[in-house]
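Labels for the chains are A, B, C and D, by order of writing; each one numbers its residues from 1.
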Amino acid sequence: MKQQIGVGMVGYAFMGRVHSQAWRSVGAFFDLPLSPSMAVLSGRSAGRTAEAAAQLGWAAVETDWKELVKRDDVQIVDICTPGDSHAEIAIAALEAGKHVICEKPLANTVAEAEAMAAAARAAAARGVRSMVAFNYRRVPAIALARQLVAEGRLGVIRHVRAQYLQDWIIDPEFPLVWRLQKDKAGSGALGDIGAHIVDTAQFILGDRLTGVSALTETFIKERPLADESAGLSAEGGVDRGQVTVDDAALFTGRFAGGAVASFEATRFATGRKNALRIEINGSLGSLSFDFEALNELWFHDHTLAAEEGGFRRVLVTEPGHPYAGAWWPPGHGLGYENTFTHEIKDFLEAIGGGFDPSPSFEDGLQVQRVLAAVEQSAADESRWTAI
Amino acid sequence: MKQQIGVGMVGYAFMGRVHSQAWRSVGAFFDLPLSPSMAVLSGRSAGRTAEAAAQLGWAAVETDWKELVKRDDVQIVDICTPGDSHAEIAIAALEAGKHVICEKPLANTVAEAEAMAAAARAAAARGVRSMVAFNYRRVPAIALARQLVAEGRLGVIRHVRAQYLQDWIIDPEFPLVWRLQKDKAGSGALGDIGAHIVDTAQFILGDRLTGVSALTETFIKERPLADESAGLSAEGGVDRGQVTVDDAALFTGRFAGGAVASFEATRFATGRKNALRIEINGSLGSLSFDFEALNELWFHDHTLAAEEGGFRRVLVTEPGHPYAGAWWPPGHGLGYENTFTHEIKDFLEAIGGGFDPSPSFEDGLQVQRVLAAVEQSAADESRWTAI
Amino acid sequence: MKQQIGVGMVGYAFMGRVHSQAWRSVGAFFDLPLSPSMAVLSGRSAGRTAEAAAQLGWAAVETDWKELVKRDDVQIVDICTPGDSHAEIAIAALEAGKHVICEKPLANTVAEAEAMAAAARAAAARGVRSMVAFNYRRVPAIALARQLVAEGRLGVIRHVRAQYLQDWIIDPEFPLVWRLQKDKAGSGALGDIGAHIVDTAQFILGDRLTGVSALTETFIKERPLADESAGLSAEGGVDRGQVTVDDAALFTGRFAGGAVASFEATRFATGRKNALRIEINGSLGSLSFDFEALNELWFHDHTLAAEEGGFRRVLVTEPGHPYAGAWWPPGHGLGYENTFTHEIKDFLEAIGGGFDPSPSFEDGLQVQRVLAAVEQSAADESRWTAI
Amino acid sequence: MKQQIGVGMVGYAFMGRVHSQAWRSVGAFFDLPLSPSMAVLSGRSAGRTAEAAAQLGWAAVETDWKELVKRDDVQIVDICTPGDSHAEIAIAALEAGKHVICEKPLANTVAEAEAMAAAARAAAARGVRSMVAFNYRRVPAIALARQLVAEGRLGVIRHVRAQYLQDWIIDPEFPLVWRLQKDKAGSGALGDIGAHIVDTAQFILGDRLTGVSALTETFIKERPLADESAGLSAEGGVDRGQVTVDDAALFTGRFAGGAVASFEATRFATGRKNALRIEINGSLGSLSFDFEALNELWFHDHTLAAEEGGFRRVLVTEPGHPYAGAWWPPGHGLGYENTFTHEIKDFLEAIGGGFDPSPSFEDGLQVQRVLAAVEQSAADESRWTAI
């Protein structure tokens, strides 16, 4: 029998639901060093947390995450809350000797992220592991992209063009949810989805951005207050509040290795639902990916004869592909949730194997620094800003 | 607390693994009338079955399915074995008052399928439910296709072209596994994947095939014997056996409503991994689908002005799409496994709601009749064969 | 200065317009042995023919093709009329010692086609050349497909699936034009577009169909009479006439080399405009093409590692691709008309070089035999019919 | 009989060849007010110019463009030379009362472009017309895009993302041709292909860029000298020269109407041959285009129900589409060359109709100003630069 390891999760909204599915499923598909048990779920409302725990399969409930962190049946803390609470929870958990997996962006500010990275370093010295949950690294197609670049199949990288396009707030009557408030979310499209393309690009290249030039835009400046805070205004209309984050962020950048890059994160790309796209051009080949077709990686091998060259659609479902062999026969297609299963699997292997998982809090901090540089450049006439 | 309902599953290979994932997950995403408990797994080898049960999450083990069928903690029997055992298990389970969900094709012969359908009818009269597991009906895109046709959005259907293309046996050294043996599998590509496109086409149209003209082919007539039976031949070479099923089946057909159709099922479509494709043309519009891009349905609405017409890629991940709302935000993509979760959900709703689920054993029998007509036509110079 | 060669064209409708563009342009892009001069255009109406000649660039006009055939300034006769007149014109022209290029299908009946092929053989013995205008062989992507198959890159061919899908007559009020009348057109979708996919498939494979099983359908049995013959009926309604050709033809077939094939030609594929599609699967690779994206050939090379395999989109615009080098830089895209320019170029090279061009009248006859077998099988319960 | 109008063309390389095909063909497809006659071709080498004239169909030859401009049989001057000669030729031609069509970019500097625009204004007052040859406006799909935006079908435009991707100089041994020399070409990818996406974006939006932030890069700093100037170096190696233009230019921008935009022009996008791509997102819909599939425009109509929304592939070959009705039946596909035929047609209609064609030299000047702002921003730490 495998050794069990208890998990406590904080937060049970969108991210909590998908993390739960990963904790629930991972053992059936991967041969793990440790068997996770879904021990405790914490949330502020006792009733709603209990309901979520029952539905999602958590054995116990806490209404205060500080209690969860103390529990003996919890060895892993999984943080699925908005960004403003990450630092406090993660640092407390690490100090309590719990392994931590934390949703991205690592924090809302560079200062918080620095404190978290410091705590992670200290914890690592005691064998306590931490990981930031950039799940898209675990899309098999993206992992394969990293592999091809690492093997030199693309040669010298010249270009990166990365976009993360959504459209869920194009209606001006969409309410002012927490993701549109700077104090809760840190930033808008930039931190929520821009963080993903920064991490994905740096991951695939195995390289770091050294500077950026940016512009940001908030197309809809005011929105109806969301449920919890809404009310009729004195004039009988809908109360509106200020949108304090960006709707869209566009930036160019340069990588240490010489590649030039363009990035765009927006929630106003009408008709694009979750189009995390990246295209990379190197001296020997190119890659192209779009999460809306997540099982496909497009690869152009420029070393073939020109007459038979072209982007080929690699269906990343072969046994030899990253993660894919654990699932179904070729062509049977994975979905969004499986990327979290892969993430949890890698995290458990690191804990069980006694090594630091990747991406680390340090990696999360570095992404945070890129985001901060983007905001600074956007505030300073798009001037080039070093990272 | 919801009432629990015990499940016993027979078989734990490919189908057993994906059914297990569905039983494990369905309650976390859908509000069900009954809460399934994964009670018993049965398989012939005690050791391997126990190992599978531990990995897949089944509470107990039986080495004889007959014992499983008798157990009090089993109210549902889930049949995931090869086709030659379906009839015996299903009929026994139904007679024992267990609800039955049975993998497709329903049986290896029309006679067996008829016996099963008769048993299902008798059981239904006693409130015992049965369902044949044509999971592709539960791909959201295919369910949406059915919806659009049922609403009349395609008008009078003129054409169906359906293909199920795989390539996993193109290597002549691929061994003679049970799926290549007529006594175990009933037929080859025809029953394994051809059955799916027959069911899918009939489901989307809400119509039945009335006749077919067919040809079948076995490209590789002999193959190395598979593990269990292999050995060195007297001459020191690899022992080979006869392939007794089709590698490919092509047929044309006519639907009762006047549509003409072409079907092709093959395991020799090099480079196609799991391309269940269907295109439907009607007087008012068309639909196109390929499982290799399972989250997309392509819809051409011919009532729009010609200047703006064209096939549009509907990403079937909107809250209003069949099944999709239970999962993630738009664009986040489902995978193969989710189609089974949907199937189990619909089955549990039928049991809980006291109505017969669909597709019924009767539907499975009708598909079997189509397959039999295909084989008969292929054996008789492709002559038109009524169903 | 190059030697001039005079061309006389019979017919100036759709085919006449595109042939004219090819005659007009070919010399500017290809280094030809002979320089074509657009000498004479013939059509029945003096006025309309003169108008067409002025617009399309023909120097003189005849209202009787027999006069055109006699003229000294005509060494090539280009036949762009409906199929019922091909045999008479072609045979007369060949007997008069004129080289002949004739639109497809070669004729409306096998008997006519046989007479034409005999005339072509006799003429060839005297150095007079003839060619049937299957222009799609000259799509660079299709020529490249042929090349890849001929080089063995696909290995043993297992599957062909070919479709030619259009939708221009789905409206039941579309009139009864000559293409819907058997006496003028020979057959419907079968001869008009089915002939193209039969020729294309045989060309790419370098192989011949040995038998077929078919069904045909006429969805709309009666249509309004077209302009020339229309009138008010006694009841004041629109006069309607019988549609005497197929709207759609579906057939399966076998090639001499062992491949099995499915074919479908239809004018009722709503939303498909000119989708000549062919997919070919061999033991070493596959090809896929759709004329609606005519500059692309999709090639799967199965000899690559499975992890990087997949259909690649070869943009067939490289200097080394068939015909492409004569035009623009890579990626700049050719159109429908260029396929005719290529055809004329090949025809002129054959005349100048003293060899027989391809496809020959014999090839056209063989396609006619396939079409006849399709019609015979469709009339005989889809029974297998040898060619 | 239509009135003839004589054309004199300067330059006969790539652009000269495609312009010739347009002059040769336009009258056969469009009902023009004036019938162009291909009167004179000018080039520096008498022999090569005579050869080109014979092949391309020009009646006479001049070795000095100044002579061409003076000729009585020339009423239109078509400038197909590198950018450094545009201003001198165009101004001389306009002053001589000749209508002028000039290849893009209009000039190599803003000063030259201003002089040209002034000359064009003066000429227009005398009924002499001028046009800059941004041929991509005449791709039917791009003309349709403009139409949809102008009709308000996209609502308020939020985003533009435009790329022009090629890969023809990724080999470091590709020689230092004139397009890589600043004195001849003005700039590199920026002026050659970046100019096209700036014009295309502004054309479709009917709006102007107000500012940009840019970076440019030259990946390969030295290249072998091209034929005319090459020689062995003292050391016996290949002589190399400095690349004085950009290999790639990336910039963000803002439109007067509020849209934010990203642009990228590069000759280092390995595997992309002529990918002029543009995607536009508005409050009511989106458009997407890629010249590598030039007959397709992708349109998302956000006013449809979310459940049936999605990008649809409009095949821009319907009779009602811009320019398309003059050619072939739906689905038969145009190529690169046809865009020039459309351009010539519009130019002749403007001359015949007595109005100014579009895009004007003023439009060309404005694009030049955008390019200048891009270079200025790139030289100044990407700082925002107003236009």
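One rule holds for everything that comes next: a residue touches a chain if its C-beta (ideal position, glycine included) is under 8 Å from a C-beta of that chain, and two chains touch if they have at least 3 such contacts.
Remember, it's a predicted structure, so these values are computed and weren't measured experimentally.
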{"item": "Shared interface partners, meaning chains that touch subunit C and subunit D", "value": "A, B"}
{"item": "Higher-contact pair (C-beta pairs counted), A-D versus B-D", "value": "A-D"}
{"item": "Euclidean distance of C-alpha centroids - subunit A vs subunit D, Å", "value": "41"}
{"item": "For subunit A paired with subunit B, centre-to-centre distance based on mean C-alpha positions, whole Å", "value": "35"}
{"item": "Whole-Å gap separating subunit B and subunit D, where each centre is the average of the chain's CA atoms", "value": "54"}
{"item": "Shared-contact residues (touching 2 or more other chains) in subunit B", "value": "272, 300, 309-311, 315"}
{"item": "Subunit B contact footprint on subunit A (complex, rising order)", "value": "14, 17-18, 20-21, 24-25, 27-28, 55-57, 166, 168, 272-275, 291-296, 315, 317, 327-338"}
{"item": "Subunit D residues within the subunit A interface of the complex", "value": "158-159, 161, 163, 167, 170, 213-215, 217, 219, 248, 250-252, 254, 258, 260, 262, 264, 266, 268-272, 281-286, 300, 302, 309-311, 377, 381-384"}
{"item": "Touch list for subunit C against partner subunit A, complex", "value": "144, 148, 299-301, 305-315, 318-321"}
